[in-house]
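Have a look at this one.
Chain naming follows the written order as A, B, C and D, and within any one chain the residues start at number 1.
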Amino acid sequence: MQKRNATAAVIGAGDYIGAEIAKRFAAEGFTVFAGRRDGARLEPLVREIEASGGSIVARALDARKEEEITAFLNDADKHAPLEVCIFNIGANVNFVNFPILETTERVFRKVWEMACYSGFLAGRESARLMVPRGKGNIFFTGATASLRGGSGYAAFASAKFGLRAVAQSMARELGPKNIHVAHLIIDSGVDTAWVRERREKLWGKEALDNPDLLMPPAAVAASYWQLYQQPRSAWTFELEIRPFGEKW
Amino acid sequence: MQKRNATAAVIGAGDYIGAEIAKRFAAEGFTVFAGRRDGARLEPLVREIEASGGSIVARALDARKEEEITAFLNDADKHAPLEVCIFNIGANVNFVNFPILETTERVFRKVWEMACYSGFLAGRESARLMVPRGKGNIFFTGATASLRGGSGYAAFASAKFGLRAVAQSMARELGPKNIHVAHLIIDSGVDTAWVRERREKLWGKEALDNPDLLMPPAAVAASYWQLYQQPRSAWTFELEIRPFGEKW
Amino acid sequence: MQKRNATAAVIGAGDYIGAEIAKRFAAEGFTVFAGRRDGARLEPLVREIEASGGSIVARALDARKEEEITAFLNDADKHAPLEVCIFNIGANVNFVNFPILETTERVFRKVWEMACYSGFLAGRESARLMVPRGKGNIFFTGATASLRGGSGYAAFASAKFGLRAVAQSMARELGPKNIHVAHLIIDSGVDTAWVRERREKLWGKEALDNPDLLMPPAAVAASYWQLYQQPRSAWTFELEIRPFGEKW
Amino acid sequence: MQKRNATAAVIGAGDYIGAEIAKRFAAEGFTVFAGRRDGARLEPLVREIEASGGSIVARALDARKEEEITAFLNDADKHAPLEVCIFNIGANVNFVNFPILETTERVFRKVWEMACYSGFLAGRESARLMVPRGKGNIFFTGATASLRGGSGYAAFASAKFGLRAVAQSMARELGPKNIHVAHLIIDSGVDTAWVRERREKLWGKEALDNPDLLMPPAAVAASYWQLYQQPRSAWTFELEIRPFGEKW
């Protein structure tokens, strides 16, 4: 592995998608700055990346706090120029379906703070570091609910629609400044313990028979790597991915 | 005018669109409950509606406060069954264009609270009153920014995208319960003093020469009336309107 | 009924939607020019409209023949100024689902000629008559397949997508010339004998239990009437309608 | 270069995009079957690919003729299993802007036959060869006009919308059969002599100053290569690309 003098920040470096993204960018030579709420849970990821010869700095990070986001990204950038920021919070959870009358204002606000507001902060603070340098990549993880407000998903879809708007506005403003802003839409369930459990509960064991209907976290990481590799003459803003057997 | 035993709530009964909606529904016999932040500014509207023989109850209303929204709609419903709720905040202002780096977290949050969060509250509280009765109409005002995150509009588009998701989720859940949820997209500038001023400033006096390029507030009110009149066998969720000369 | 000095052409005046549109515009005082392939089958419609005091001219019309379309619309315009043209072919039939490998080039071409090419001819020839006069209305009937290429619908969706593009291009070009071009998307089955039969066959008798899940043809006609009534300061290009109980 | 026992068909192997796609897949070891109307004009491409050690079979092909498409793809498949078919006709030409009244039925039909009907034939005939084998890739080149019917583009947009519907229907039907169907939207001008000439004519020499606003044909080829490399657990149906400086 050839080390790069560059950092990739992964905000929302959870057990599945986020961890795979971190591993992929570490494997490509970036120093990864990985943040998640409960920093202690990043330990296995750190061990795995370091065992493969990769570099990672793990941090507890509450992405809803402006000063924490700013500090996290500044620290990354001090370590080595911040070249990539991937915002990945609230990506692999389609939350529980809430009828509108049971959606409390507390839930509505909290989902927005986690999945939209913190994305705005991460995007803006990355841009602040990247614009003067005239290059960079800011990627956001979206979901089916980024495009469709399904029954029972008012809170989650509202936050994901809102995040998509942030990404789109930033892409239009920052593209001409040589910063690639992209929005990856994962149009399927992701293969995590949580999703497996829930599918089994809803539809029985057979729902798990076909592994090809769930998106492996490593495939998401590979999609981000494809976005990163695009030349600036042919950038994609929105990349939608789904497993071959998914109904859409 | 034949009076109806029904109320129509207009949340965001500002000087232009909101006022015209209030006048239209009052003219059709509804008792209108009109709310806006500065209740005193509703006086001319009250005088105008009452002079035409209509009924209106005007209230100061901070729509970002759950308890105020709940009380406002409950009061309307006690007066006479709430048949229509129109959420109209942040509709006729395309806000000032903010580069992403100048968009403070305070602005981002405030725009969301005004244009999305308060819409969720208004929608949910209307639904709470309408669902047991098995009928009702909940309408939301959208804008070009509901569908497009333009450069410089991260905060506004994020809130408007988010509101659209709320409307869509509610429409899918509540349609089968006989509640018509609709989202009206005004894809043009609205003819208000504020917009005229801004256009003149940006593009000179000629920008005002063609009145057909601005949407008259009364035409918005007429569009809402069209939505209200649709039979349940042919409901529209999203109605996009623009003046004939608008470029799109 | 007050007669107007104006004609409304209905191309594809079939037994259901087209007939209801014809009746509605006749009832509003237009002389209706109704065309369908088998002109003899227009007789009951003629009798019904004339019995109500309306005016109708019925014609056999193969809308895939340029010279027939031109003559039909010219004749309407000679009778009285052509104010409305509604293109309605292939609207209420979702055709039979064809796997791609069984879609012959003959079917693909024929569906396109009926549902797209003839719509282009009707739109262009109407425009030719309306542009010099500086007013008019050109409406096209779309379907779910106008927006979604479902499995098994390559031919039908391709034609309906293509028709939508024609409508959109014409709307952008002709709007500023005071011609209202609109595209009505019927996002549900329409209540016709053919659809009822097919549903019963596919899903059994219960599929017919809930009449609220099928769109009554008269509701489509009412939607066209709403489009016609819009002031030019607030035109809708695309109007999507569905019954309240429809899943979407 | 490691040769593969597989063919890649490029239908519409014109001077720019098509030629670059052919070169890319040849460089990756495929035997390329290249077809274009005027087969003689494929000679320089053949020389270039063969000089680099690649394999190519060049053919005159009128893609609007079912029997020619069938024969072309069958021949490719006999040479070695057809693994990729890329339909690329009418991709790099945004045709000349035609006001609707000047769009003859001949132009409308011809554009459709070239850009939509022949795509349907190519897609279906590829599927016929790939389905029994349980694998394959069928890619279609789209343009801005695949999503937007601009003023003056009724014929071109209608054909491109129609092609997109074919691609979408095929993707939904064939995805579960392990065939990757994708639609690449090039949302910008492509850097060709023809486009440069036209830009200069319309906007003067300065319109050519910034090469970053035109898509290099090789970047399109690279995007197709990215699509080809996606694992089936994370397929993209629609990939939209534009140069970093493009306004959208």
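Just so it is clear, a contact is a pair of C-beta atoms (placed from the backbone, for glycine too) under 8 Å apart; a residue touches a chain by one contact, two chains touch by 3 or more.
None of these values were measured; they are calculated from a predicted model.
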Angle, in degrees to the nearest 5, of the Cα rotation that carries chain A onto chain B: 180
Geometric centre distance via CA averages, chain D-chain C, whole Å: 34
Chain B and chain D: spacing of chain centres that average the CA atoms, whole Å: 45
Multi-chain contact residues (two or more partners), chain B: 172
Interchain pairs in contact, sorted by label: A-B, A-D, B-C, C-D
Chain A-facing residues of chain D, complex: 172, 175-176, 178, 180, 212, 215-216, 219-220, 222-223, 226, 229-248
Interface residues, chain A side, partner chain B - complex: 66, 99-101, 103, 105, 108-109, 112, 116-117, 120-121, 123-124, 127-128, 131, 145, 148-155, 157-174
